[in-house]
Amino acid sequence: MSGRHTEEHIHTVEGTDPHLFVEVHEPAEGTDTGLRPVLLLHGFSSSTKLNWGDTGWISTLKSAGRRVITVDLPGHGQSSSPEDLDSYSPSRIRADLLQIVADAGARPVRAGDPASGLDVIGYSLGSRLAWEFGATQPELVHRLVLGGPNKEDPLASFDLAAAQRYLADGTPIEDESTAGLLKMAQLLPSNDLFALLSLIEAIKGEPFDPAEAVPHMPMLLVAGDKDERAVTMPELASIAARAGGMVEQLLVPGRNHSNAVTSRVFKDAAVAFLGV
Amino acid sequence: MAEISFPLPDLGEGLIEATVLDWLVSPGDQVERNQPLVELETSKSALELPSPQAGKVIRIHGAPGETINVGEPLVVFEVPDNTAGIVGTVPQDDAPKRRVRLSAVLDED
Amino acid sequence: MSESTTAILEAAAATETQSVKLSMQQALNRALDEILSNDPKTVVFGEDCGQLGGVFRITDGLQAKHGGSRVFDTPLAESGILGMSVGLAMAGFHPIPEVQFDGFAYPAINQIVCQIARMNYRSRGTLPMPITLRVPSFGGIRAPEHHGESLEALFAHVPGLKVVSPSDPHDAYHLLKYAASRPDPVIFMEPKSRYWQKGDVGTSDGGTLTGARVVRPGRHLTLVAWGAMVARCLQVAELAAEDGIDVEVLDLRWLKPIDAEALATSVGKTRRAVVVHEAPLTSGLGAEVAQLITQSCFDTLKAPVERVTGFDVPYPSGDLEDEYIPNIDRILLGIQRVLEYRRG
Amino acid sequence: MDSLLPVVAAADAAPLSPGQLRELYSLMAAVRYLDTSAVAWQRQGIIPGYAPELGQEAAQVGSAYALDTARDFAFPTYREMGVARTMGVDMVAYMSTHKATWHGGMYDPVASRLAPIQAVVAGSVLHAVGWAHGQTLSGEDGVALSYFGDGASSQGDVHEAMNFAAVMKAPVVFFIQNNGWAISVPTERQVAGGSVAARAAGYGIPGIQVDGNDVVAVHEATRNAFAHCRAGNGPVVVEAMTYRRGPHSTADDPGRYRSLDDERIDAGTDPLERLRERLLAEGVADEAFLTAAHQAARAEEEAIRAGIEALGPRPGNEMFDFVFQETTPALENQATRWREESEHV
């Protein structure tokens, strides 16, 4: 894996270091566009490697001359799994992200300076975090690309008690969404289930309300046309549009929530949308 | 020219098959090592498979939506079978060129 | 081994044909494969010989087929590779080490000259050294320094070593198998500029594997050569035929022991000889060959034996390679000098 | 002396028995007597030259005593007479190398498990690695014991050997007799990094230093190293700190590079004397045993000297006979020519 490993950075947020695994990937040699860095935020039960590395996103962005910042969410990938619930809350994660991108060199948008600001690409849960990050950091975030987005976080309706019963004694889970998400989490032996359940619990404490804080920067919403988790994408788009932002939507033909992410159509659209 | 078949590799964590989402190359394309070849989906994730080597693609296996088992042929490359080692070039046997002519009277004793 | 090579070999086996068309690369690869299959004491190793299959792919696929304990990579240290070969031979193995390029035999000279060549002697025959040292040799591929050298005279001068160099895929296949089956150390010099040209390899019968081989019969003059120079001499012979001169080409093959009888027979018939080699002139094997011919054919020789060779300069860079390696015109001029010679 | 070896290596080895301690003394006495006699032989014109190992008896006997000639193999240089004697090599056949009878000596290296005598001092270190790797490939449990000195440790082949052995986890004991001198150059101007054993760390293998004048300590260290190798843990470096009490060879004059006072101070206690005092103090042996050991050593030396004196030159045809397993026409011709022109029958 190329990239500079910045785990030695020592800035703490709220007095604690969340030990998130951060990498900065420099543009492919000779391609540097001089544009602002791109922050990638992966989905639930995924990781930088699965969501962005194996799918070709990092190499695509690097080849497009972009500097890329990746971070594994707490309890995911190579990040540690903190024991305290607070480390998993979306608000705390947003604070950590702010510190990480600042350490990686992102600076507030300045008119006429293409190197200033930060573009953010999220997928699924990462899109929710990106939406909120954009809404709360209007001076920093330049543009957003949200993949597989949903106006309500499916994790908020996750039946935590049923999941814990299932894990304890195998009692079947009635709620289909909960059962599906848990199955997805269990498929990867490397996943830390305790950490993932902590994340869900923390998210339930701070459910997604897109209307509460709406990002005003231009955004591109992308989902597979078979993505059942993103059927509310048009509603999200209209929330953003009502708030005055420029919103584009793209449906990837034939793709669903789990396989839209590799799509060339998605990547090409994102690179073009952010390449200004 | 030699053909080198690249079978579907083990994509990790005990997966035995993958479904083709989309091919990013076509037969006849010259690809570089690490260039994305194909989008695949497994039961766990979707991914882009980079080319293990440089060469010309001559066959691809599996239309979008089809499933391929680990170990089955995925793509066949054509590579020159006379590449030099780590240094140097492969010499060509050109038609012999001469300036000198033999002019001798052989005394056959 | 590439898929196409395998296919060719399988097709050949299926139809029981007596010969297959292979490059020298493929022929050597196949010979090593068979040696490993037939002799459980054989081990093949060197820098990048395992996983990569050697920089010239001579050991391609052998590790996968025969396992990492029989075909393996070593650290980058030629003296270590050859010294280890001595110990393996002492333990009853039949090592086939590779020195990646001829110029890197120099760091191993101590082990080759002081140990491999002498252990049988030192131990009064109780510790034979059945080691076949493969050395990609000679120039012709525009390689950097130390990647093209002609060390045959150096090796041939060392008591206890045998030296052989094949000139085509057929001989490469059979001579390698033969060398590996012998109890003495053999320096196996592979003409790297000939690795890629294909030729018929008769798989059932290698013919006589000791001594020299007449690759083109002729009446008027003998061209003596080995390794990559054999192909060039064959081209020269065809051109000479256009001028009415019938040239015999003798591929010496074994540079130690040299087949003095074959020299005597050939030159006894043609009465004229030119010896061609890439190595520098002075104290090159051409001198040895000329002496052997003079010894046996002095009375009937029509002219002194001519030598067309490289010069007494370090092997030059690729751009000057064609100036250094005997070319067609220089060989023709050598022939002309012999033809023009008149006594007294 | 510090050791990085796992304790497990020595756990199942009993301490040396009184009988073994007495045997070590007998061996050292025989070696001492033969060594000093060989210097005299040279003065008397019986042999043209000799490389004494006076003072290194404990290092040589103690280490070779740990070797199992049924499965192990030793790789000497040219100063390992004590090793040969301990391994039970025919000493007339061994000493014949110093008679200039045959380079590698007349003994059978395969049967005796001692490689031919070797003048390129680091050359055989790589052979030990190759032989040891052969044990791994054959699934056998033999260990190679490679002898060399502080001088040889400067050779590149020693580095290549240690690196190869470490990479391949070859069962080799690199046994260094650091006798303080590489002919005229003292260790401090020969060995950088403090010691040869210290280099082992760079290869990730255990390196131990041992008092090379204490035969029991040498033996235990070597025995532990063998156990470490045999257990599949890869190579070990053992550096026995000793002192070359004599000259480099019978042609060498140490007075040109060290004084008698230096020798007295640096050599420490004579290893044979040390063992003698220990045996007496522990009641393992009495004066009668010691006297008998010295008498046996003298008798042995006399028999070996008689054998050496009786040893005529080898027939000249052997020059040709052992070059190859399969001779060549050219060599046959030369042998014929030699017979016709030079053989005095």
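Labels A, B, C and D are assigned to the chains in the order they are written; within every chain, residues are numbered from 1.
FYI, a contact is a pair of C-beta atoms (placed from the backbone, for glycine too) under 8 Å apart; a residue touches a chain by one contact, two chains touch by 3 or more.
Values in this document were obtained by computation on a predicted structure and should not be read as measured data.
Asker: So the centre of each chain is just the mean of its C-alpha atoms; given that, what is the distance between subunit A and subunit D in Å?
Answerer: Once rounded, the distance between the two centres reads 69 Å.
Asker: Measure off the straight-line distance from the CA centroid of subunit A to the CA centroid of subunit C, and report it in whole Å.
Answerer: 63
Asker: Using Cα averages as centroids, what's the distance between subunit A and subunit B in whole Å?
Answerer: Each chain's C-alpha centroid was found; their separation is 37 Å.
Asker: What whole-Å value do you get for the distance between subunit C and subunit D if each is reduced to the mean of its CA atoms?
Answerer: The separation of the two C-alpha centroids amounts to 40 Å.
Asker: Provide the list of subunit C residues touching at least two other chains, using ranges where the numbers run on.
Answerer: Subunit C, residues with two or more chain partners: not present.
Asker: Report the topology of the inter-chain touch graph, choosing from line, ring, star, complete and other.
Answerer: Per interface graph, the chains form a line.
Asker: Which chains touch, pair by pair?
Answerer: All touching pairs, sorted by chain label, are A-B, B-C, C-D.
Asker: Which residues, counting only subunit C, touch subunit D once they are in their complex?
Answerer: On the subunit C side, the touching residues are 43, 69-70, 74-75, 77, 79-80, 82-93, 95, 110-111, 114-115, 118-128, 159-160, 162, 182-184, 256-258, 260-261.
Asker: In their complex, what parts of subunit A are in touch with subunit B?
Answerer: Checking each residue of subunit A against subunit B gives 46, 50, 54-56, 59, 187-190, 254-255, 258-264.
Asker: Can you name the residues of subunit C that touch subunit B in the complex?
Answerer: Of all residues in subunit C, those touching subunit B are 2-5, 23, 54-57, 101, 136, 140-144, 147-148, 192-193, 196-197, 220, 231, 235-236, 238-240, 243-245, 318, 328-329, 332-333, 335-336, 339-340.
Asker: Show me the residue ranges of subunit D that touch subunit C in the complex, using the header's touch definition.
Answerer: On the subunit D side, the touching residues are 73, 75, 102-104, 106, 108-110, 115-117, 120, 123, 125-138, 144, 156-157, 160-161, 163-164, 167, 318, 321-326, 328-331.
Asker: Under the touch definition given earlier, write down the residues of subunit B that touch subunit A in their complex.
Answerer: Contact set of subunit B toward subunit A: 13, 21-22, 24, 34, 36, 39-41, 43-48, 50, 64.
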